[in-house]
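Consider the two complexes below, in which chain A is the common component and chain B and chain C are the respective partners.
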Partner chain A sequence: MSQRILTVSDLTVSFDTDDGVVQAVRGINGYLDRGECLGIVGESGSGKSQTFLAAMGLTSSNGHTNGKIEFKGQDLLSLKKSELNKIRGDKMSMIFQDPLTSLTSHLPIGKQMQEVLRTHRNIGGREAMAICLDWLERVQMPEAKRRLKQYPHELSGGMRQRIMIAMAMLCEPDLLIADEPTTALDVTIQAEILDIMDNLRREQGTAIALITHDMGVVARMCDRIQVMRHGEYVEEGSVEDIFYNPQHEYTNMLLDSVPHIDVTGAKPSKVSKVAIYEDGGRDFLRAEDLRVEFKVARGMFAKPAILRAVDGVSFDLQAGETLGIVGESGSGKSTLARAVLQLIPPTSGTVSWLGSPLNNIQKDELKAKRRDLQIVFQDPLASLDPSKPIGASIMEPLTVFESQLSKAEMRERVNEVMLRVGLNASFINRYPHELSGGQNQRVGIARAIITKPKLVICDEAVSALDVSIQSQIIDLLMDLQKEFGLSFIFISHDLSVVWEISHRILVLYLGTVVELTDTSSLFSNPQHPYTQQLISSVPLPDPKIERKRQRIKLVGEMSSPMDPAARLRFLPSKMHLMKDGYIPKLEERFPGHFVAEHDDISELLIS
Partner chain B sequence: MSIRSLKENIVEDTFTADKETGGRSLMQSAALRFYRNKAAMLSLIILCLLILSAIFGPYLIPFGYEDPDWAAFRSPPSWDSGHYFGTDQNGRDLLARTLYGTRISLLVALVATVVSVVIGVSYGAVAGYIGGSIDQAMMRFVDIMYALPYILFVILLMVIFGRNVFLLFAAIGALEWLTMARIVRGQTLSIKEREFIEAARATGLSTSAIIFKHIVPNLTGPVVIYAALTIPEIIATESFLSYLGFGVQEPLTSLGTLIADGAGVMEVLPWLLFFPAGVLVTLLISLLFVGDGLRDAFDAKELKR
Partner chain C sequence: MIKYAFNRLLTTIPVLWIAITVCFFILRMAPGGPFDGDRPLPEAIKANLAAHYNLDKPLIEQYFIYVGNVLQGNLGPSFTTPDFTVSEQLAVGLPYTLILGGAAFFVSLVIGVAIGVYGALKRNSYPDHILAAIVLMGLVVPGFLVAPILQLIFGLKLNWLPVGGWGDGSISYLVLPVTVLCLPHIARISRLTRGSMIEALNSNAIRTAYSKGLSDTAIVWRHALRPAMMPVLSYLGPAAGFLLTGSLVVESIFGIPGIGRYFINAALNRDYGMVLGTVVFYMVLIMVLNLLVDIFYAWLDPRVRTR
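Coming up: the complex of A and B.
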């Protein structure tokens, strides 16, 4: 029954760079059978993508490959380009992380898909169209027929990834290589895409090589797992073996770093060890009915549309508390953070800090308050000035707020804070591009805490980092919180990270609060259908639990924040009040547990 | 716990890996790439030789640029007389005049380029960073200036200020900045969106501090490249203006004036055209290669990041 599709033996891939030869893949062996899903996990730079790029003949021009990759008896590495072209895209295809950049932007979807058929099957015209349409329907593309005429930029990220999968499947390949296929997508969309891939494997018997860093995705999808580190397989085995009986310490560490959400609410997350000061009271930070609207031009003469990025958000924060803000892309979580810090002026509403207002005050007054309000950004490299050594970046807040200090004193403070965040003091004159992502994020944190602020907003602060680094940074943040009594607003799209670090969680959907409560009741007793959908979509890094879970699917994709009907997506029964500007109210269902008004979930499920 | 120690090991790992490959700023890596570019390095050496000889050359040869040698009028280049480039109709040593002319041409280029960089960078960075209607107003002014024919402008300036050579070339620089301002504005718009600018705003830095501490230093690449490509343009402009008679006046000379004079007697005294033109062409070509090399060196950085 089992049929071998791919055999890799002694594969090495190396690259010539300015700094000498870099060994990306060091002699790996592996195989893939028909209808099997193989997970390749590892952190960035482990060489997991290079293995399969080599199989596709896509190694970049400064790379050298050695060894053997046998695909159904043919050695791919020794094939000529023209012969390889017959195989790739036909018998073997690949989907990439970013579906926007992997589609040609000037061709309609239908044309791009037809091209594949013309090249490999010599089918064109109507017949090809029919096949394309069939595949779009198989990947559950809504309104498939209309999509064929649309351009990639007109579609959402999830739809583009469906198209990529449909395109890859057009010639019914034996092997589908998926390189981080859902990393750029929101969890709810990720859940759908993974379902589609799983169905294809079952129905078509396509072998899938799933390259990912996400242990939850692996737990859900794969039969076998290979763990990769520094270009070598450190461990290999069935899903059960790897998750429940890992042998190698690196696998152990990887699994240990991933936050294991506990949906029963029985197991406390890490943050419960951090006490909240009660003395700060509710006046510490309070946002009331905060709104940020942008005008979006719609052509020369049309009235600009109004995009409500933040649509009436109220919350408060106590001293020493961490408030997690979760939401999918476009939910306005970053805008909310910036509006709180007055980096984007709110359209209306108030933010008050220790009882006095933050918005509509004089520039000088605001500047003085910035000392206590700091922010850590998502992309650690982009948030540091590339032309300055990191020491200068860390020192900058001191030159603004404590300019009376001498240069030597400032340097002393920089040294202290660098040690505190775990950076070697000898790095002071290094440039950001010379450090790793995790180290740069430590620099960003050092810069944020050097003036001893009271509130730090972390905007996706760990999202760009590998899991092991991620857990180190989270530990660091919590240590700092304990030591200095910091408050955090922790923004992330990743529920498991938010679960681990937050005392309370605020769920945002298109700029409005959907649910706000403490962490354990949010996960054990989610009230709002959207929260339930989100939680059920997060892949848990535990195959036994993960495969048994029931996923909640709600009607429709995420609507546009410019669409007035979007406010009532979870309250269709009140749709007739839309014209009056009806907004679902936030009600306190249990003490401290706020839920936005919604219809019963049974009305919203996809039947 | 082995897991804890492994985590620490990983941090150590990256530390040591960095020590082996690291230690280079972006500027240093650009310099390294420039160093590997043979054409650019050769041009840089030639350029340095030209600059050195323009600075020190006039002191090393026995003839002044305005003193006639009564023994040698219209003499062709020869080793014996010591007039290696020959003499002109007035018996002045052409080598001395060429060196002096090169000196003037380079000085003019330097003045004009510095003026254009200073105005262009501040103007473009301010317009780009502040944005909105101020940006619109500032850039429309640039557009209007662009639309004026610069020869007309130069003649106008000359009428107003009289014939002062350096003032004139400062004025050329004051026109050259237009392109610089546009390039800088474009770059600023993209830098402005990067997170480190937002980080600086969150720190409480003032607008001027953000522009001059965070935006301008990150413009170094494009500014250096464009300035290097502006220098030959200005030398050529100067030669053109001098050829037309607007530029440097006798007995002071520049490469352009020398070429203009030489062109008139090309048939009888060809060396009067040949040597200054040769020097000008060499100068321009090596400047262009250096500019190109700089662009490649800095662009590679952009690609790698």
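Coming up: the complex of A and C.
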């Protein structure tokens, strides 16, 4: 078992930049044995990828490496490129975070796979095709044969990552480096990809270096963990040691920042107990049978296809309440949020706000209401005007809604709100690119709350942030809720974050509500098979629980909202009604617990 | 792919029609006509001429006659050279221009891309900087200056090449004019290629290709070149249009009987038929080139096909 594959000694990686030399990796030591899975965790900028990019000879041209990386006795850093080319892709291979941009877009999958065999094994033609096909089947690629002729853009994210893995495994390497392999994927797909990697390790004895920020993924996959910060390992040890007996304060902080979903039904401790109006508060915000359709052009003369992004969603929200909306990519979460705020006009249905309608009203009327209805977006840097200092961005809503204020009063308010969201007042004249992601998101929040709105929609507002920053922002949001009685609609693909912040949760699937209930019932007593699958797919940051957990795998894959059969994925018994556009109905199974019609889960499990 | 090309072809038809219409009416709005010379013609003769060329009919009727002719592939008569139709006149000069422009286009593309790829691979090295400087010279020094200098050196001093004329169309007559036509295009193409190639080489897909252990040659030619050619392709459409419609400057300096001069003469003489004919011809040419560019886009990037 203890056959050493990789030894790293005194590795440093530095980059020449316009601001001088940046030390990305500062003298680290480590090793990896055959069949072992090593987790390298850390936040962005910790240098966790750079270590292994250096091993693969992929350090960018302005980088310098020093020290030694020994792979089966050969020092990789001192090899000539032609010699390194004999190792990488053959004995050692790598998969990356974004499987779409990581594949060459103009070459069919088969060609991209075959060139690996041609390069390292001098195998081509039918023989190579057979090996590629075999590997595609081993990574459970549906309709593997057809994929060889397809282009990367014709496949889903999960399928692309399967191809990356299959391609990396073609020459049966001793070491597979996986750099955030599932970060861009939905949880259910993530669970499948992690399973595939775990099996490869068991069957092939491939050592895996798993670089990730996700403590749940580490808990599930790894034998050993190295925690990295500022280019150094702060702590190293077995999974059990790191999770149950962390020594370094940074490890502690990382573990504390991760929401620990409790599936036993306990309420998340942090959620505020803001008085929810037991009655009467139902008129705060109400969406009824909301639909948003897009026309998808199919060429000049063909009738455009209709894409139902949001397909009859109803919910209500009370003052001071947080409604979490979860769903995988393409489920229509963001479209729903925008439709509620009338940023996209709904095709039909109504949204009412404090008893009066929000849609089909005059522009001026809507504009006046916007003061109370704000939104915070996912990418904090991209959603701020790069040419404006942040103070001006924060102040802008005031110039619209409270233009009677003098410049000095406005500046006073900006200072107040910056202080409130934890931004140093001296930042007022800084530009977005000068701030970190977390700081920029605070700017986004400050801008949203400066008019003292009643409802703030957070559209993946913390998804791009590191866990420690993420937990700070969530704490901030909950404090603001306590202080001002704000209501939130909190949209995220990340169940653990939604669990942490929400009073009630709405699960969205292809534009329809699958389940809607309070947070603790959803996690302790999920009714819909899809919800059950989602919850069981989330990796929990606790190795003992995580390794024993049974994962629910349902037949089929989330397909396009254009596919009418996709809507009946959980109700195959009504498939004959597909032509009539049958949509599973929402029923109130327990008081306040709504579940969409579905077949028994035993019918839907992958046998 | 074929369906895509066909769809693109159909969309060019209305554009062509609108362009013809606009040109037709704008030209008629300009003062003067083909028979207004320094010495005015007698009214009776003028009226006869006008009747012969349908110029006495209402403008809208003339328009329909013209469009009808164009639809049959007839560009109509020339008003100032009554022995030839517009099509015949274009046909005389066209082969020269096409050979010259086609050669220049091909040479610019090959040399420009080669320099660009080389610069991207050796970026910020001395050879890269030196090549970039030389190439830039070709862009900033105008053709009417380069041409006589080259004629002086290679034609008169060294006596290697003829200074002008078409001769029998042999290569030696082509070298100098093609060079002069090429220089600015080589400069633009190489700069575009270098930039987009650097971008392509820094992409995630290329990182994957390196991680597979492929050789540099395989990476550049198989993985990086096609995406890097996208911006170059957008430039090639207009560049080809420019080269194939003939350069008045180069054609007159080297005494080549191409079509560049027809356009100028026709415009000066208010030869409606000739001007419109040349315009229609250019438009069709440029649209065909743009269509080719779009089809090449689809070939370079399969994602375009499904859009």
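What we mean here is this: the second predicted complex is superposed on the first by the 595 of 607 C-alpha atoms of A that agree within 3 Å, B and C clash if a C-alpha of one lies under 4 Å from a C-alpha of the other, contacts with A are read in each partner's own complex, and residues count from 1 in each chain.
The definition used in the following text is that a contact is a pair of C-beta atoms (placed from the backbone, for glycine too) under 8 Å apart; a residue touches a chain by one contact, two chains touch by 3 or more.
Note that the coordinates shown come from a computational prediction; the quantities given were computed from them, not determined experimentally.
Student: Just checking: does A:K388 make contact with chain B only, chain C only, both, or neither of them? Give me first, second, both or neither.
Tutor: Only chain B is touched by A:K388; chain C is not.
Student: Comparing chain B against chain C, which has contacts with more of the residues in chain A?
Tutor: After superposing on chain A, more of chain A is contacted by B.
Student: If we overlay the two complexes on their shared chain A, which of chain B and chain C does A:M253 touch? Say first, second, both or neither.
Tutor: first
Student: Could you look at A:R430 and tell me whether it touches chain B, chain C, both or neither (first, second, both, neither)?
Tutor: Touch partner of A:R430: chain B, not chain C.
Student: Which partner does A:M56 contact after superposing on A: first (chain B), second (chain C), both, neither?
Tutor: second
Student: Touch test for A:H106: chain B only (first), chain C only (second), both, or neither?
Tutor: In the superposition, A:H106 contacts chain C only.
Student: Is A:G89 touching anything from chain B or chain C once the two structures are fitted on A? First, second, both or neither.
Tutor: Second partner only, chain C.
Student: Thinking of the overlay built on chain A, is A:L343 touched by chain B (first), by chain C (second), by both, or by neither?
Tutor: It touches chain B, and chain C stays clear.
Student: Just to be sure I follow: which residues of chain A are touched by chain B in one complex and then by chain C in the other one?
Tutor: Shared contact residues on chain A (touching chain B in one complex, chain C in the other): none at all.
Student: Would you mind writing out the residues of chain C in touch with chain A in their complex?
Tutor: Result: residues 3, 7, 10-11, 202-205, 207-216, 218, 222-223, 226-227, 300-303, 306 of chain C touch chain A.
Student: Mind listing the chain B positions that touch chain A in their complex?
Tutor: 2-3, 6-7, 10-11, 14-15, 18, 21-26, 29, 32, 194-196, 198-205, 214, 217-218, 220, 305
Student: Under the definition above, what is the set of chain A residues touching chain B in their complex?
Tutor: Listed in rising order, the residues of chain A that touch chain B are 18-19, 249-250, 252-253, 256-257, 338, 341, 343, 367, 370-371, 373-375, 377-379, 382-389, 393, 396-397, 400-401, 422, 424, 430-431, 433-436, 438-439, 444, 447, 468, 471-472.
Student: In the complex of these two chains, what residues of chain A are touching chain C?
Tutor: Residue positions touching the partner: 56-58, 60, 81-82, 84-90, 93-94, 96, 98, 101-107, 115-116, 119-120, 151, 153-154, 164, 167, 299-300.
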